[in-house]
């Protein structure tokens, strides 16, 4: 029992990190909290499903296509909605929330639920670790999640765009005076976040069916991880994912699955009481928060 | 220059003891200690990034120090919430002036006038806040009954906004007023009209701490200055002597007139 | 030299210096000032008598959403963006349900009790996050109702998915109608009056610059908690009211509709005036009834109208009308 919990807790943690990375990236760079994030996640899932099942495009191509299209949609969201609202935090939140809601509720209206709405797994089969069976897809998730986190770190620390990202994250005005087109970088950051949401969807969704409600769950989990970890810190996201991931899994095994849902909430409240800036939050954030 | 001697026997109002704060490895303020005596005008100067504003935030409770303490009238106020510190009579201005833009200039003063401190100081009654606010604005140099008093604060010129910030401190009836770069961005004419307001405060017995970059204007009115560099106190004393010290010259080399 | 035109706006002559002081010189001017507030009130008091039954029901839900929207608008003007008005609504609804179902209290006790207890309960729930600004508060309020819904579903607590049924109804539909219309008008005028006092002014100042308010010696957390309590009470009242209208309370009380439609109403109507939020509700709710045929697509339309309005017409309908009413507009030529 303990072994299963430990292994599945690990996988659950990686899933949470995968979900939260995109949201955290966008926020840390442009200060935009993309509340359409969960909707983009689900949208990417349905996109792949449409490509594969209705247009008979091979899965690999469909996956790449949907990541690109979702990223493009993110860029569009920035260009046509967020650009006009920059700096008005309340309006940004409401506008992105509205877009996300429209997407999710549209799919609910279409009524696309059920067993046929599933994405294919990358490879079939399972392996045995100790006494626990783990299917290949979960291994893919762990592998991809880890490499994404590492890749993202390298990207933001060693590439030109990545450094520009960090530049405007630290001080938008200074970056502006140094000739960084902050609007463009912010647009790219939203697109990047959207692309990451799509990647996460393609990796995670094959575990079950595509369901509209999962869009809300994804958003809630991403928010929880980011609040706990301290927005904008990759290390924080990873640490918070593991805290939350294991806490959820242990609650699931020992108290029952019902109580799993309140774990993020309790965790948020606890962290706010103990360390309002989040695990790895900086002073700048603390000032933003309180 | 005023000599510090008449003030030296006065009691210590605020005492900063070994205050330190670092942000993610960067030491903003390290081991800063100094006293502020009742009725004096203390200047705090230092090059950009020397930790002046952090120091103000530490004293007024907007940031909690990593170590050290702030003692006000013999009471340890370290870690108190900003509004509690304000209620004890420590008012501050902000370097970045952000008024309540949609409100008329005099209505901006309603906020401090609404605080329990004002109520208890005026014998349990708030009185006519609008009238008090207009009087206060006149005190800091708004022309009486001119339209500028009634204009939305968002449309006021910079000089008036600075005066408005000062008026907020007066509204709170603070005993210790901390002015964070009040003079920055003001024209000579605007300075000439605001300096007497500050001098009058000191005459009335208020204690003032001024964080300043405009040394010439500051030295004319300050009794004493504390010089910060890289988050530590490098010199302290009367203005004319302090500027003769080598450390201070070095810190300011090329960065000040 | 080309001539271009620009629009010039002039206040109508009657306005004197501030928004609430007028110099009236004739009955015509008095009418001009009085009509915008008297006319809607008169219409609202007559409407319940003349509407057909179906539209009476619509008027009830419109009024409920108007109150929710005003409460949202109020919280926003104190700097708290709630994405979960459903929390307040649901808590009020369930409280009324429990008071009726388990304690068998009469309706004239359940509603006031649920109103006050609901406001208090929500405030207690949200006190830990009061220190958070802007989006962080929004995040937590978004999460809460979703989670409560899941918990009730999963644990079967409070009737689980079945909800609590067989609750006491109102004596007549006119009691329902006049109670909710009166409540809406009361909230509207009370909150408008309150926001123009010094107390309201300080509340609004918190939204603009909380640090400055704090340095004015004001405990913003206490004020925010008070605002939360007031906003929560208004919504809890709606929840309790609807519980007795439906004679049922269940998980739908925490539905997303109760969070999103108030926001949409406030945004479409125009934020910050409360009359705007009410107007928004009176546009969107009847509209959505007319669009009933399209079912689930309604939420999509709210959501899109929300986004479109906040991007394209952020001032909202009310400000637009108000401007037309209070100002002359004319095109004047400018030389360049």
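Labels for the chains are A, B and C, by order of writing; each one numbers its residues from 1.
Just so it is clear, a contact is a pair of C-beta atoms (placed from the backbone, for glycine too) under 8 Å apart; a residue touches a chain by one contact, two chains touch by 3 or more.
Keep in mind that this is a model prediction, so the values were computed, not measured.
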Original post:
Is the C-beta contact count larger for B-C or for A-C?
Top reply: A-C
**OP:** Could you tell me which chain's Cα centre is nearest to the average position of every protein Cα atom shown?
**Re:** C
Subject >> Furthest chain, CA centroid comparison against subunit A >> reply: B
Original post:
Whole-Å distance, subunit A centre to subunit B centre, using C-alpha means?
Top reply: 45
Original post:
For subunit B and subunit C, what's the span in angstrom between their mean Cα positions?
Top reply: 41
Subject >> Centre-of-Cα separation between subunit C and subunit A, whole angstrom >> reply: 32
Subject >> Touching residues on subunit C, where the partner in the complex is subunit B >> reply: 17-18, 198-199, 201-202, 204-205, 208-209, 211-220
Original post:
In the complex formed with subunit A, which residues of subunit C make contact?
Top reply: 76, 81, 83, 128-129, 131-136, 138-140, 142-144, 146-147, 150-151, 154-155, 256, 260, 263-264, 267, 295-297, 299-300, 302-304, 306-307, 310-311, 314
**OP:** Spell out the residues on subunit A that touch subunit C in their complex, using ranges where they run on.
**Re:** 33, 35, 80-81, 84-85, 89-91, 93-95, 97-102, 105-106, 108-109, 216, 219-220, 223-224, 227, 257-258, 261-262, 264-265, 268-269, 272-273, 276, 288-290
**OP:** Within their complex, state which residues of subunit B touch subunit C.
**Re:** 60, 62, 81-84, 86-87, 91-92, 94, 98-103, 107, 110-118, 129, 150, 168, 171-172
